[in-house]
Amino acid sequence: MIYFMETIVKAEHLIFRYPADTEENQNQVPNEPILKDISLEIKKGSFTAVLGHNGSGKSTFAKHINAILLPESGKMFVEGLDTSDEANLFDIRQKAGMVFQNPDNQIVATIVEEDVAFAPENLGVPPEEIRQRVDSALKDVNMYEYRNHAPTQLSGGQKQRVAIAGVIAMRPDCIILDEPTAMLDPQGRQEVMQTIQKLNQEQGITIILITHYMEEAALADRIVVIDDGNIVLDDAPKKVFSQVDKMKELGLDVPQVTELAWELRKAGYPVSAEIITEDECLNALEALL
Amino acid sequence: MLKDITLGQYFPIDSVLHRLDPRFKIVYTMIFIIMLFSGSRFWTLIIGAVFVIMAQLLSKVPLKMSWKSIKPILPVLLFTAVLNLAFIDSGEILWQWKIFRITEGGVNTSIFMICRIVLLIIGSSLLTYTTSPILLTDAIESLMSPLKKVRFPVHEMAMMMSIALRFIPTLLEETDKIMSAQKARGAMLDNGKLMERVKAMIPILIPLFVSAFRRAEELATAMECRCYRGGDGRTRLRQLKASRNDYLGLVICLLFLALCIALNILLS
Amino acid sequence: MAILKTEGLTYTYSAGTPFEKTAVDHVDLCIEENRMIGVIGHTGSGKSTLMQHFNGLLQPTSGTVLLENQDIWADKSKLREVRFKVGLVFQYPEYQLFEETVAKDIAFGCKNMGLSDDEIKTRVFETAQMLGMDRELLNRSPFALSGGQKRRAAIAGVMAMRPKVLILDEPCAGLDPKGRNLMLNQIRDYQKKTQSTVLLVSHSMEDVAEFTEQLLVMSRAKLFCFEETYKVFRRADELKQLGLRVPQIASVMTELRKKGYDLPEDLYTVEKAKEAVLTLLRKGAASC
């Protein structure tokens, strides 16, 4: 968790609305922007979680980072490169890789190692180096033994790890993960979260995790909460979760233990506002009783 | 389960044939086909049979698999035989009843046709048994690459083929799921008259198509995020490299072909 | 009255080949009417395969499935009726929508049942209402809906058949916390209103803790247990061995009890835990 002072992603007053008649626009007041004014700076090497209920704009925001979407007004910079400049597209996407929600719809090849090689092949990396990158990426996500398997033989968690390997093979500085565990079972979720943490801690890759699961957001250094197209909270996990009523208002969850601590605080007892794990709760209750 | 349909029939073991360069294997198959059709003498078939037996042994693919590839075309074989027996009128008459007659010529041609088809099928099946679909696609892309000069979209076609191969099992699985879900609402997929069964496909096909389009869009976005921009400037992880064995194989095939042609000329 | 029973239910894939695998192993169950039952188990435990036996999508390799005391496989031509009485909603059901309008799609099951047009209309409206869907939505194309609305439309399609048993395979998968809460509350209301039996397959211990009366636990193709939810959560250590866990709160409360604090058992929701702890604190204060 070392912070370099360098900014890797910078959003300045992003405003964006989807064209009418698209699925994403179904719940919106017609023609109201889904991103109303987002400004954010993310530091290199950090692990940031972007939290929000469905329709809050969090995924839309994520898609602006690597120029899948371009803002109506405002700017997005990745390592100083402006996403609206087409000439920068290639470099931006190599620096900021993205992993999506559906494990199946990211895998292009019939064999795992071929899929991981896809990005380096696109970058024109020489074949011997592609081999090295593929092997090391698969080892990083613990899928090296599956390198000759067909993707259809893998579980959801394994497929997502292959997708992550496919992104690492580009040697990006930053990985954006858009609800990567939403379609996985608890085991798959754990595998993916462990992989993400490892990449952040051991290799210093900047992680931007879009999610609505608070157990995952709790693992980040910083949580940014987006609601109705605006950033409403931006702080360390403990501080964010301690605002239980605000979280509930926003349609989000807090860990059960955090909620219990809050209820006891409401009843007048001195319980810390920053409890998010079972052990912390246990200790706090023992101290009380 | 629909999942049990195996496509391409790739039989993954290690053998001399498996290890040959796929581009050369495609060329061998084409030479073999020319060989089979290069003459109408039984000698052609005998040489063809020797070739196939050699290839079969080198491939270590069990004979059972070759039988599996013949089975579906048995009706075609039967049909060909009957046609030839009925309509070829030459040589000694072997059997006659009213206006129907079977001649020696008819029998010869029938047997010839059948043998030729069988050899054709077994020989070309060996190609798919010993070469994985992805290598076949790579080989086709490589062989067609000269066409790039006339602006033929070789890379795009190869990419389409390989993505299709990748998604066939996934789509089959999804079809299974959709069928189960509609059956759970009382859809009748297994019985009823023809028209009913066709109408019953609508609740399966529409979700499948919608889903396929959605997948395509998500996949395209994912590909772009991994810096895909067409075939220009792309390198490959797997390089197809011809070895001595491949060239040796080519020489052997050409020798077989030459032998066939020579025999045909000499014996006619 | 037992609505659904299984006796020695066994299902084996690819029997007789080297790939043989038993997905469901001699399961004996007795499921009552008018219940809200949770179904839990790690991935691969056989729970989904088991569910598909209840509506006759899969045929047991051995053993029987009894609906209202009748063997559902006794007369194969009557299987379709079984599917009208035991409704099964798969995961991500929104991917199965196909009709021109939402109303027509919800009506699909009812039409297959041969109900009158009037009856179908009533049921479509009622069911849509139960799931909080506006009348206006009913005339739209299902493909013009948001993700959450699509899911409701798909679930409504099965609910409209008014099955005696409704099985929902992870109905909250992919929904955000507010969406999950809303969905589960609507399902609970549906169960209370129709007095049917609802089987909720889920991976979330917290959800299952709050909304179910009984828990069916599968592990490695076998039935681990089928009893009241609070009884199952008492077996936290055993559940852990199965790769399952208990709600956070239950864990903490159990630890406190082990350390000697006078807390009642079965505290697995925040509400219950709060009450118990406050009671204990007041007692402590009173005795000072």
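First chain written, first letter: the chains are A, B and C, and each begins at residue 1.
Everything that follows uses one rule, which is that a residue touches a chain if its C-beta (ideal position, glycine included) is under 8 Å from a C-beta of that chain, and two chains touch if they have at least 3 such contacts.
If you're wondering where the values come from, they're calculated on a predicted model, not measured in any experiment.
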If every chain is a node and each touching pair gets an edge, what shape is that graph: line, ring, star, complete or other? complete
Of B-C and A-C, the pair with more C-beta contacts is A-C
Per the C-alpha means, the centres of subunit A and subunit B lie apart by a whole-Å value of 45
Quick check: how many Å separate the C-alpha centres of subunit B and subunit C? 47
For subunit A versus subunit C, what separation do you get between their C-alpha means, in angstrom? 30
At which residue positions does subunit C touch at least two other chains? 143
Which subunit B residues qualify as touching subunit C in the complex? 174, 177-178, 180-188, 202-203, 206-207, 210-211
Under the stated contact criterion, what part of subunit A meets subunit B in this complex? 66, 68, 90, 93-94, 97-98, 100, 102, 104-111, 113-114, 117-127, 130-131, 134, 150-152, 166-167, 170
Can you list the subunit C residues touching subunit B in their complex? 52, 55, 57, 80, 83-84, 87-90, 93, 95-98, 108-109, 112-113, 143, 157-158, 161
Any idea which subunit C residues touch subunit A in the complex? 42-43, 92, 143-149, 173-179, 203, 206, 243, 247-249, 251-252, 255-256, 259, 261, 270, 273-274, 277-278, 280-281, 284
For subunit B, which residues are in contact with subunit A within the complex? 133-134, 162-163, 165-166, 169-170, 173, 214-215, 218-219, 221-229, 233-239
